[in-house]
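Here come two complexes built around chain A, the first alongside chain B, the second alongside chain C.
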Partner chain A sequence: MLRSISLTGRVKLGLAVAGLAFGVAAPYVFDRFVIGLISLALIAGLFAQSIDLLGGYAGLITLGHAGVSGTAAYGVGYMAAKVGAGFPAQIGMGLLAGMTASLIFGVMAMRSDGVYFIMVTLAQGMIVWGLSIRLFRITGAENGLTGIPRPPSVELYWQYYYLTLAVVVVSWILLGIIVNSPFGVSLKGLRESETRMRMLGYNTTGQKLYVFLLAGFFATLSGILLVYLNGFISPSTVILAASAIGVLEAILGGIGTLVGPMIGAFIIVFVQNVVSIYVARWPTLMGLLFVVVVLFARRGLVGAISDGWNRWLDRRGASTPQEPILTSSNQATGP
Partner chain B sequence: MHDEPTAAGLATTPRAGGSGGVGDNARSWLVWGGTAVAFGVLIWWILTQMSLTAFFAQILNGLSFGAVLFFLASGFTLIFGLMRITNLAHGGFYLVGGYIGISVVRATGSFFLAMLVSALAIMVLGLFTERVLLRPIRGLEKPEVLLTIGLTFILGDMSLAIWGGDPTPIPKPDFLNGALDIGGFVYPRYRVFVIACAVVVGAILFWVEKRTRWGAMVRAGVDDRETVAALGINIKAVFTGAFMFGAFLAGFAGVIGGAFLTLLPGQDFEVLLFALAVVIIGGLGSLKGAALGVVIVGLIDSFGKALIPELSFFTLFAPMAIILVLRPRGLLGRE
Partner chain C sequence: MRRVRFVTLISIMALVAAACAAPDAGDDTTTTAAPTPTTSGSSDATTTTAGGGETTEPPAAGCDEPIRIGVLQPLTGGLAASGTDAKDGFELYWANHSTEVAGCTIEFRVEDTGGNPDTALQKVDELVQNYGAEIIVGELLANVTFALADRLKDNPDVIFMSPIGSADDMTQRNPFPNFIRAGGWTSSQTSHVLGQWAFDEGYTDVATMCTDYAFGWEMCGGFTQVFTETGGTVASAEQLWNPLGSTDLGTYVTQLSGFEPDAVFVLQVGASVSDFFQNWSDFGLKESIPILAGEVTADVSNIRNVPVEQVEGLISSGHWAEGRDAPETQEFVELFDGATGRLPSYYAAATWTASQYIDEAIKAMNGDISDKAATLETMKGLELLTPFGPSVLDEYGNPIYDIYIRQVVVREDGRIWNVVIDTYEDVDQFWPKTAEEYLQQPVYSREFQGNAGG
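Let's turn to the complex of A and B:
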């Protein structure tokens, strides 16, 4: 059976199996602290993947995605800390809040593209942040909402880790199905030229709303996972930097792929936690990383690796074409 | 001079967009009539909530805040109109400009020297940003935006490291302290000064744009960069000049705004949000749009803060959402 898959496919399959085996074995190898970090990185990776669904596949880069995941997290937190409702109600409220925010933001943003889309989503994220610090009765303002316990069967750190792993793996598979579906392929058309897609008869506005809702759903999942992992939610979860880090992770790992954002998230989460021990200037480092990645590494790690891999395959006689993503210019479609 | 006819020709180039008189007349009357009625009802409702004196004070509060935003938004919109660069570091420029102003006032005691030094320092920062950071990725819209957001994180964190995190107002010059008394209506002198400054600067900008050779080059550049370059105008120099001028205004705004809004970490993103709201509502790339946008955003913010303080950020959201859905390029934006 393996013979029917290409060499690249077999390598990918092998890496996926190895990654999953590592994920399952991790709690037997690492201590509580590291497992906590891996859980955090998995959640950040899911968040970055949902950003990449918009940014990498559909070409709609968002700087307000933490506004969506944060709204979901606040929905859970409000039901847990302020209402005292049960877990089904908490999670239901989280989903409802996250998807409502996605719908409103999506309708607002669906007619814009390119840099306008970035500006609109940035403003949306900032407004969620503004509400989180001022709407005291719901969000607890600067102090946030604390005392949000995990559901009984996933209370322990390793139990919650396995839940996180399961949700992330299932989401990853779903995302894989989405991006390889005809709809996913049409998103790439949207990225390359919205005008041409419209001329081909696609309802691009509807496409954009639909992909925004899908990305919003996965962001919502990551927000709900995060709030139970931390046990609290505060405005720092929805600041602009949270959205921007998601974008940075996606680009650093390799935009337009699903594995890239996950790798980027692991790098950023571990670097941030290690660096924060030694220096207090993490935002500066993050900003520098942003500048360096944008200037010199727009195709990210996965892009660099697949370039090298393809060169190696070339020498063996087979080649695959690559697609430009962040390198393509939108000048022609500007107003 | 051989290029005189060219300049005259450029100056008479008709401007697209704006009020475009091809629309259905009846429909346009309905829209304007409806807007007028809604506006009347809104003012009537506001007047039932506050006294007439408070109403006028809020209008001046809104206009003075809008005046600060005008210095930011006019530069932002100029840079975008010419180069299609969305400079998200504009908020960072504002904050650093304000902090440099504080240091200058502390060292020399002169507020006006601080204005000049800050504006010039930020102009140099703008030169560096455009020439060194943005030039290598010129024309790649999305990487440009992401680079400027990274730069904002660096600027914000470095400001925190150098000037600390305490909210700091810039000391005002003596003759601008205290209140102005016009027939029993008392209002802070400084805010009147800020409004006057914005009116003067705005008038100069409109005059330069309409009547001078520089303005003609900028307008021509906004309309058609390639042709301008082909006509022998050094478009790159115009770009750099415009970017530096936008940065100059942002540094100036930092000092003039820092004296009554106080400077604190995170304000870079706050003023950025307001500047984005201005250009989203008013329309990107046009000075008129920026002027209209700052009045609208300033008034919404000041009345929002007075009437529904819990939702003060959120009050921007509804008008932005309505405009984005109905006119994605803003009120005076070009399609």
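Let's turn to the complex of A and C:
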């Protein structure tokens, strides 16, 4: 049965299985600190993936996405810390707040594109930040909201890690289905040329709102996961830098792929939290990393690896022409 | 083409290597036990300030394991300068005092949070679980301090000290069991005193201009409440709030001069400080309207780079006054100046004092701090003479200090600092009220300034 899948497909499948096995086994191997880091990276990865759904697939770069995930997190935090409501109400409010923010922001942004889309979303993120430091009774202002316990049965760090892993894996599968669906393909059309898509009869404005809501949903999930991970929410979660880091993670890993943002998130979380223990000037290091990636791997790390892989396949294909699975890359062979 | 890439890559790697080597030879983030006293001119001061080094206590129980302290400060990002002051103050203490206390070795590690709660929460896990820290000395920002306190509150094996983060509610309406503010302060504690002083000076009508976030509300509220309850007037319409981080304050300054107040209470932070004083001078208001500054606005870390003539004579209140004429303050100031070439800000004095509390508490507990609740009680019972002056803690774990009315003067060497012109003794966080009375009102916010005039 495996024979029917291409070599690339088999490698991908192998990596996915290995990654999942690593994820499941991790709490038995690592201590609490590392598991905490992996949880944080998974959540950051989901956030970066939702940015990539907009930026990488639909060509709509957003600089205000932390406003959506942060609104969801504040929804949970408000119900927990200020109202004292139960967990269903907390999570319900988180989803409601996140999706309402997505809807409002989506309606505001759906008629713009390119650099104007970036400016509109930037402003949206700044509005959420501005409200977070001003609406003292709801957000606790600069002090943030404390006293947000995790739901029962996922209280311990490793239990919460498994919940995070499960949500991220399911979301990843859903995202995979979305980007490979006809709607996902139409998003790529939107990215390449909106006017042509409109000429073909697509309602591009509706498409943008739809994809904004979908991306908002996954950002909402990441916001809810984050607030329970930290037990805390403050304006630092919704500042411009939080949105920008998400975009940078997607670019670093490889925009327009789903695995890229996740890899980018792991690298950045690792640099921020582990490398910074040993290297005083870790921000310099991170900056250099970006420069190197942008100079030498314009499609991100995943893009660079997949280019290298295809070249290797071509060379291998040239020496062993009987391999039947190289149809897709054959045209690139030959002088 | 390949060669060009190769050369670029090599040069970038060289840059990375250069970036890795911290300016002071690698031990920037990770400092372990017994740092050699490299501080110039410190040797004579060591014997005078050490206090406990010469009292030969019996080796007592001693320690099998060193006592480990984790320090979390923002060493990168916008607050790096203040965070570095805090780090230097902490390290300076242990460079000038024995790290062998009551038979125990003191070890510590300073970690960078970047001012980000997410990172701080990861780092504190690492410090507590992997490094084995029993005492965490925490952050500068209110939100990061809250996040850390919340994370550590269920951990009975850790004491969390916050000598800088000053959000009122941490020792008032939202206390944490293993939290103590030794060496610290609450935001409104020092501006309460300035309200009283301003009224006693004969000011009756004061306008305010504060940064629009929790710290600004608390500083401003402290001044407004005491000043108006004493008999002064602050019209609500004359309370201006500028956004955090704004650097063009000209319009606000024009409005202030239009109110024609007797004086203006000002609380600005960071880059807004120098911008405010620039505008205030440009509009020619320095000679006509006196400024009463909140503590941080006149802190030496903020006015270091402001032209002398713009701030000379500036009045403020504070628990820290680097120009205070007392040996316990001046010894520390000289040590810090000698080691870093800067006059110490309150950030540096705060972490030094936190170290002093740790040192003395371990001595008093005879090296055994395994019972954290007892250690906290011991700390609360200590009466210390710190660079801030005499310090005791109230039952909430917040210091009771002498609060100083300070004035900026030019030193002989041309630098500026804050000297004491008036002292209010034994001021606690509720002064002049009692705790019961004070805790009935909500925490200061933009809506609630405690304004007696409404």
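Everything below uses one rule, namely that the second predicted complex is superposed on the first by the 293 of 335 C-alpha atoms of A that agree within 3 Å, B and C clash if a C-alpha of one lies under 4 Å from a C-alpha of the other, contacts with A are read in each partner's own complex, and residues count from 1 in each chain.
Going forward, a residue touches a chain if its C-beta (ideal position, glycine included) is under 8 Å from a C-beta of that chain, and two chains touch if they have at least 3 such contacts.
This structure is a prediction, so every number in the text was calculated from the model and none was measured.
J.: Considering only touches as defined above, state whether A:R32 meets chain B (first), chain C (second), both or neither.
T.: In the superposition, A:R32 touches chain C alone.
J.: Which of the two partners, first being chain B and second being chain C, lies in contact with A:M119: first, second, both, or neither?
T.: In the superposition, A:M119 contacts chain B only.
J.: Classify the contacts of A:P182 with the two partner chains as first (chain B alone), second (chain C alone), both, or neither.
T.: After superposing on A, A:P182 lies clear of both chain B and chain C.
J.: Using the touch definition from the top, say if A:P152 reaches chain B (first), chain C (second), both or neither.
T.: In the superposed model, A:P152 contacts neither chain B nor chain C.
J.: Applying the document's definition of touch, where does A:P235 land relative to chain B and chain C: first, second, both, or neither?
T.: Once the two structures are laid over each other on A, A:P235 reaches chain C alone.
J.: After lining up the shared chain so the two structures overlap, which partner does A:G201 touch, if you call chain B first and chain C second: first, second, both or neither?
T.: Neither chain B nor chain C is touched by A:G201.
J.: Quick check for you: in the superposed arrangement, does A:N143 touch first (chain B), second (chain C), both or neither?
T.: After superposition on chain A, A:N143 lies in contact with chain C alone.
J.: Counting residues of chain A touched by each partner, does chain B or chain C come out ahead?
T.: B
J.: Taking the superposition as given, does A:G84 touch the first partner, chain B, the second, chain C, both, or neither?
T.: neither
J.: Examine A:S276 and indicate which partner it touches, taking first as chain B and second as chain C; both and neither are also allowed.
T.: It touches chain C, and chain B stays clear.
J.: Which chain A residues lie in the overlap of the chain B contact set and the chain C contact set?
T.: 130, 134, 136, 281-284, 288, 291, 295
J.: Can you list the residues on chain A that touch chain B in the complex?
T.: Answer in residue numbers: 61, 63, 104, 107-109, 111-112, 114-116, 118-120, 122-124, 126-127, 129-131, 134-136, 239-241, 244, 247-248, 251, 281-284, 286-291, 294-295, 298, 326-327, 329-331, 334-335.
J.: Which positions of chain C touch chain A when the two form their complex?
T.: So the residues of chain C touching chain A come out as 5, 8-9, 12, 15-16, 19-20, 22, 28-30, 75-77, 111-112, 114-119, 121-123, 125-126, 129-130, 141-144, 146-147, 149-151, 167, 169, 174, 212-215, 217, 243-244, 445-447.
J.: Can you check the complex and tell me which residues of chain A touch chain C?
T.: 31-33, 36-37, 40, 130, 133-134, 136, 141-144, 146-147, 226, 230-232, 234-237, 272-273, 276-285, 288, 291-292, 295-296
J.: Inside the complex, what are the residues of chain B that reach chain A?
T.: It comes out as residues 80, 84, 86, 88, 133, 136-137, 139-143, 145-147, 149-158, 161, 269-270, 272-273, 276-277, 279-280, 284-285, 309-314, 316-317, 320-321, 324-325, 328-329, 333-335.
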